[in-house]
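What follows is a set of structures to go through.
Next come two complexes built around chain A: one with chain B, the other with chain C.
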Partner chain A sequence: MSESRRGLRHRIGEIRLHKLERKTYSIGFVIPWLLIYGVFFVLPTLFSFYYAFTDWDLTSAKFSGFANFVEMFRNPVFSTALANTAIFTVLSVVLKVAVSLALAMALFHCVASNFFRTIFFSPYVLSYIAIGVLFTAIMHPEIGVLNKGLRAIGLDFLALNWLVEKGQVIYSLVFIDVWKSAGFHLAIFIAALQTIPSDMMESASIDGAGPWKKFRYITFPMLASAFNANIVFALIVGLTKFDLVFVTTGGGPGYYSEVLKTLVYKQFAMGRYGLATAGELIIFVIVITLTVTLRKFLDKREVEA
Partner chain B sequence: MKLRSLPFGQIALIAVLSALSLLILVPFYLIFVNSLKSPAEASELGLAFPSKWEWGNYEKVFEVAKLPLAFTNSVVLTFSSVAIILITAAMAAFVMQRRKDGLSSTLNVLVMLGLVVPPAIVPLYKVLSFFQLNGTILGVVLINVATRSPLSVFLAHQFLKSISKEIDEAAIIDGCGKYKLFFRIVLPLMGPIIVTLFIFNATFVWNDFMYVLYFLSSGKQMTLPLTMYLFTGQYGSMWNLVFANILIISAPLLIVYFFAQRFIIAGMTAGAIKG
Partner chain C sequence: MNKSFRATLLSSFIVGLVFVTACGGNSNESAGSNGSAPATSGAESGAPASKVTISHAVGGDSPSRDVWMKAIGEAVGVDLDIQVLPLEQMEQIYKVKAGTDDLPDLISYHPGARTRDDLQAPDKLVDLSDMPIVQNIMDDIKPYYVEPDGKVYGVPGQALKFGGIAYNKKAFTEAGVSIPQSLDELFAASEKLKAAGKIPLYLSAKDSWTLQIPGLAAFSYDQLHSPGILDKINQNEATFKDAANFIEAFDTMKKMVDQGYVNSDYLSATYTNGLQAISEGKAGMYPVLTSAFSTILDTTPDLINDVGFFPWPVEGDKTVTVWPPMIYGIPQSSKNADAVKKYIEYFASSEGQKIYFDTLPAAGVPAYKGVELDESKLLDPVKEMIEVTRTAKQFATVDFSVVANMGAFGQTVQEILMGQKTGADLAAELSDILAKNAKAKGAPGF
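What follows is the complex of A and B.
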């Protein structure tokens, strides 16, 4: 009897607390964010599912079925842009992670690690406009510093037509993006390295583990979440790359360095809004599919490691 | 034995890292030295010192690019975007973290979507037109808030877990209202995360030009990064001015970076680590 009464009193108390909680943490606090996010992010995303299927210019939007997608897929520039986006994404993810991991390991064992981290991170605060223009100067085929330097040390065969040759340009853009972002990914790895307890390493040394074994069985697994963060971040950045390409080459020469986002922007600039929206929807599907798949794969590996 | 071999290893490591640093430092030097040359010398794009240091290049860039206007626009755009992101994200995260009900989990899903889904930029044109915000800085501010805030909400949410709910309870028992509780007690405790969010949002908005390119066209709303186009277009060969302009548009963030780099690196990587 008294048991159940106490239980009842407890429940009434809980309900009261719940009410108080809803009053204190009122929905009013959420509304400003929800409003802006809803109107300027969720709404346009929902709109895109409609406008991608219309012939939409400034004044009117007529339903046109899959016409935009058909036109997009038939456009030879689209397949170039898709291929370039794939090359850019895969290469930039691999290189950013590999280069920054190697640098992180070096910096972690270096007495002047803060000094070098400051230097390596600094390009990350530059605007892509500045970086793009800077590299058109550095990568100038005849008088650019890069080729002059390579020739000076006898590596003439490496003095390429970085930004002007059709088969080369997308790789040069990858290089520039790695130049800018390696320090950022490096900082993430360093932050993770600093969380590895030092006694773990010491006891491994006492047990006779060499540097490679320590890396393979301690450092590498302990870096799993930093890895995943770096990979997913670089993946999304790669798939939606716009700024660097737009500034440095404008998708050129011709359309040899066109990526999906620059293609979409060009359609938009020409007033072909329906077509541009269809392009964005394609990017949307690619990003969601790859990110979700990769996340699932990486999370599974993280648990196993 | 081991101690004695350490310095050599360190010296080798430092030598290698210094060589690699040149990949970063030479481009910075290139910008600086060429920004002070005559047009003819700068067009050689080389590393030599100028025969005459042309400090007047900076004055020219100031005039041609109407820098005071562009700078003001960048400041207005950046600070209003970041201010709105900070306050709305902090409030939303507060309720999200403190409540354990349907509202909280719905918001969580919305935030997660915002972290991955690329913004639909073209349909934004329609939304902006509806509010007659096309071609206005306010329009771009709201787009920045909408597209960049999910990460801030997410990180603020994570941070709030470290502020005990008992503080809220004690405040309420003392007769503190909900607004006073948030603005006077919880928000000040969120100081560290606010600094982090301020830094990375400000950096990205300051450097961004995609939204500006899409939605602001006329010269009056020119932001600092876009002034670059004034020199690469009609002044195609004026490399000295191009380099001076690169330095000018990069200087504000670089200066802040060198003085507050610890906070900046921590701030900018926090987003990726937790996300």
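What follows is the complex of A and C.
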């Protein structure tokens, strides 16, 4: 009897605490951020739906129907930019997830794990501008450290024209992006690894599961939500990549590393604001469609797992 | 209830605070950027002669510019608040500032159609046609400052600069070559320079804008050989496909690459690399705008007299492409228009021009008549520039003169150099872009 009374008191206490917590935080606190978000993001985005259908010179906008979209699709560079964006996105998503997962597994049980995590995370805090400048110097075909190093150890055949050869430039950019972002994805994977209960692993070991089986049947399914987050992050970043490409190659040589965002920027720079907005809208639709589709697929897989 | 009311109140207070500080910051900033004298003079109403502060926004950092601008400011009794804009974003920022009536007191922008269209000059800028200095603008470039209806929205705010080829005199002497007068001579000189161990023609495709210079410099020969071609392009009666010299310039660059006359790392080389190579004599020739000489003077002053300048070489009568100087103009929204007018007037006077050319001896050729430069102090490249203006007919660069923006086309030139396209392909592409942009703008004939 006394035990059940104590239990009741405890529950009442919990409810009170719960109520107290709920009263402490008012929805009113959201207002400033909602306003800023609304004024500087939602409103301009909504306006862009209108401006994409006009010839807009900042002061007047003349309605032009679908002309901007037609012009964008007919731009001879558009298909190149679309293909480059696709290559960049697919490769960077796969590599970022694979590399960061491998690093996470290696670092999780490693001795100086914190030290290495910091090392791998550090490129992520550098700005793309700095990284662009850095890699332009490192990957210079003649005086760059990379090729000089390769030649010094007798690997002359690997000393390529990283950023100036039409067939290589997009892959070099993928490499730089993976190098920069792997630490970020690594952090997400490590956080997820830490949530896996150790007793699960122990009982699997007692049942005779080896490292591969433990990874395949415990770690991998338990990491599903981290996978999803990493894939979706990497997908959006890949589809909207601008800074790295703009600083490192400017879309060149020729248009061999032009991506959708840099192409749109060039229309903006010519003063064709309506056309550029239409281009942004195209990217917006691509990003939303792919992200939603992928999320649905991944969520389904997560439930099954 | 009570708590949630308090929380809402607190949120509203924070929102209010954000707006107040934002607006406060804005008005302070506009006091700085618009140089609003009332704010300053209001605070110092007791002071008998408070100096007016003129705000100015200009692309790219330049220590020597600060020196001469402030010296002129001192001479007319004004302070200057110079905002340095990133060079590559200068145009965008100016367009947005014009659109939002936030232009600085003294503006610096591309002349001609660019000022008229980008900054909506008739609605936004003060007409300066009553200023006496307008009569002193050099005749060749006057059309870029005086509108067909006689209005003047800006006057030259710099020296004249040209597009052509910078060459290293020591390299030329060593290889035993003289200034080429035709494209054949350009190839012959390149062969000799190569034999002397020099890079005959330096190209810096990493900064793709530098690749546009040969074509823009050669277009003045199209204007010489086919009079009226520019007007016809602007009325959609001709296109860049009719500009034979323009096309040939890019095909020539490709031939130079194929024959090994160009630096092997041309796709990775930058403008800075190019300036270093030409001033140190590692390269014999480098297509540039003459503003490059000011940079060489800033970085390696002892090498400035080793370099010289000649226009793009085409057989027969000579022409040179001039980049009309950026304008100085005043927005209608400026509260300091009178002070700015005084500033501009002094800049264009003999005294002002003396300060300008003393601080920037490699700036180029004066844009105003009657400005005498001290011959004994002239640097070699400037002497050659002045000589060119005496012997070659001047035409303003086509990208300032066409009816609509023709865009940057350096990347397509990269493709030409890589063998993916030809000069004719580029001409067709540019004609298409120009037609689309002109149509979007509503230009007659498109």
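We take it that the second predicted complex is superposed on the first by the 273 of 305 C-alpha atoms of A that agree within 3 Å, B and C clash if a C-alpha of one lies under 4 Å from a C-alpha of the other, contacts with A are read in each partner's own complex, and residues count from 1 in each chain.
Here, contacts are C-beta pairs under 8 Å (C-beta built on N, C-alpha and C of every residue); 3 or more make two chains touch, one makes a residue touch a chain.
Fair warning: this is a prediction, and the values are worked out from it, not measured in the lab.
Undergrad: Touching A:N230 in the superposition: chain B (first), chain C (second), both, neither?
TA: The first partner, chain B, only.
Undergrad: Between chain B and chain C, whom does A:T59 touch in the aligned arrangement: first, second, both, or neither?
TA: Once the two structures are laid over each other on A, A:T59 reaches chain C alone.
Undergrad: Just chain B (first), just chain C (second), both, or neither: which does A:S26 touch?
TA: Touch partners of A:S26: chain B and chain C.
Undergrad: When the two structures are overlaid on chain A, which partner does A:S100 contact: first (chain B), second (chain C), both, or neither?
TA: Touch status of A:S100: no partner.
Undergrad: Is A:H140 touching anything from chain B or chain C once the two structures are fitted on A? First, second, both or neither.
TA: Both partners, chain B and chain C.
Undergrad: In the superposed arrangement, which partner chain does A:N84 touch: chain B (first), chain C (second), both, or neither?
TA: Neither partner.
Undergrad: Who does A:F184 touch here: chain B (first), chain C (second), both, or neither?
TA: The answer is first: A:F184 touches chain B but not chain C.
Undergrad: Given the touch rule stated above, what does A:G250 touch, chain B (first), chain C (second), both, or neither?
TA: second
Undergrad: Please tell me which partner, chain B or chain C, touches more residues of chain A.
TA: Touching more residues of chain A than the other partner does is B.
Undergrad: Which chain A residues are contacted by chain C in one complex and by chain B in the other?
TA: 23-27, 29-30, 32, 36, 140, 143, 268
Undergrad: Which residues of chain C touch chain A in the complex?
TA: Of all residues in chain C, those touching chain A are 3-4, 7-8, 10-12, 14-15, 18, 91-92, 95-96, 98-99, 117-118, 120, 205-206, 208, 264-265, 267-268, 405, 407-408, 411-412, 414-415, 418, 420-421, 429, 433, 436-437, 440-442.
Undergrad: Looking at the complex, which residues from chain A come into contact with chain B?
TA: That would be residues 20-27, 29-30, 32-34, 36-37, 39-45, 47-48, 51, 103, 106-107, 109-112, 116-130, 133-134, 137-138, 140, 143-145, 148, 179, 183-184, 187-188, 191-192, 225-226, 229-230, 232-233, 236, 239-240, 242-243, 246-247, 264-265, 268, 273, 276-277, 280-281, 283-284, 287-288, 291-292 of chain A.
Undergrad: Where on chain B does chain A make contact in their complex?
TA: Those in contact with chain A are residues 10, 13-14, 16-17, 20-21, 23-28, 30-31, 34, 44-47, 84, 87-89, 91-92, 94-96, 98-99, 101, 103, 107, 110, 114, 116-127, 142-143, 145-147, 149-150, 153, 168, 172, 178, 181-182, 203, 206-207, 209-210, 213-214, 225-226, 228, 232, 239, 242-243, 246, 249-250, 253-254, 257-258, 261, 264-266, 268-269, 272-273, 275.
Undergrad: In their complex, what parts of chain A are in touch with chain C?
TA: My answer: residues 23-32, 35-36, 55, 57-59, 62, 64, 71, 76, 136, 140-143, 161, 163-164, 166, 250-255, 258, 266, 268-272, 274-275.
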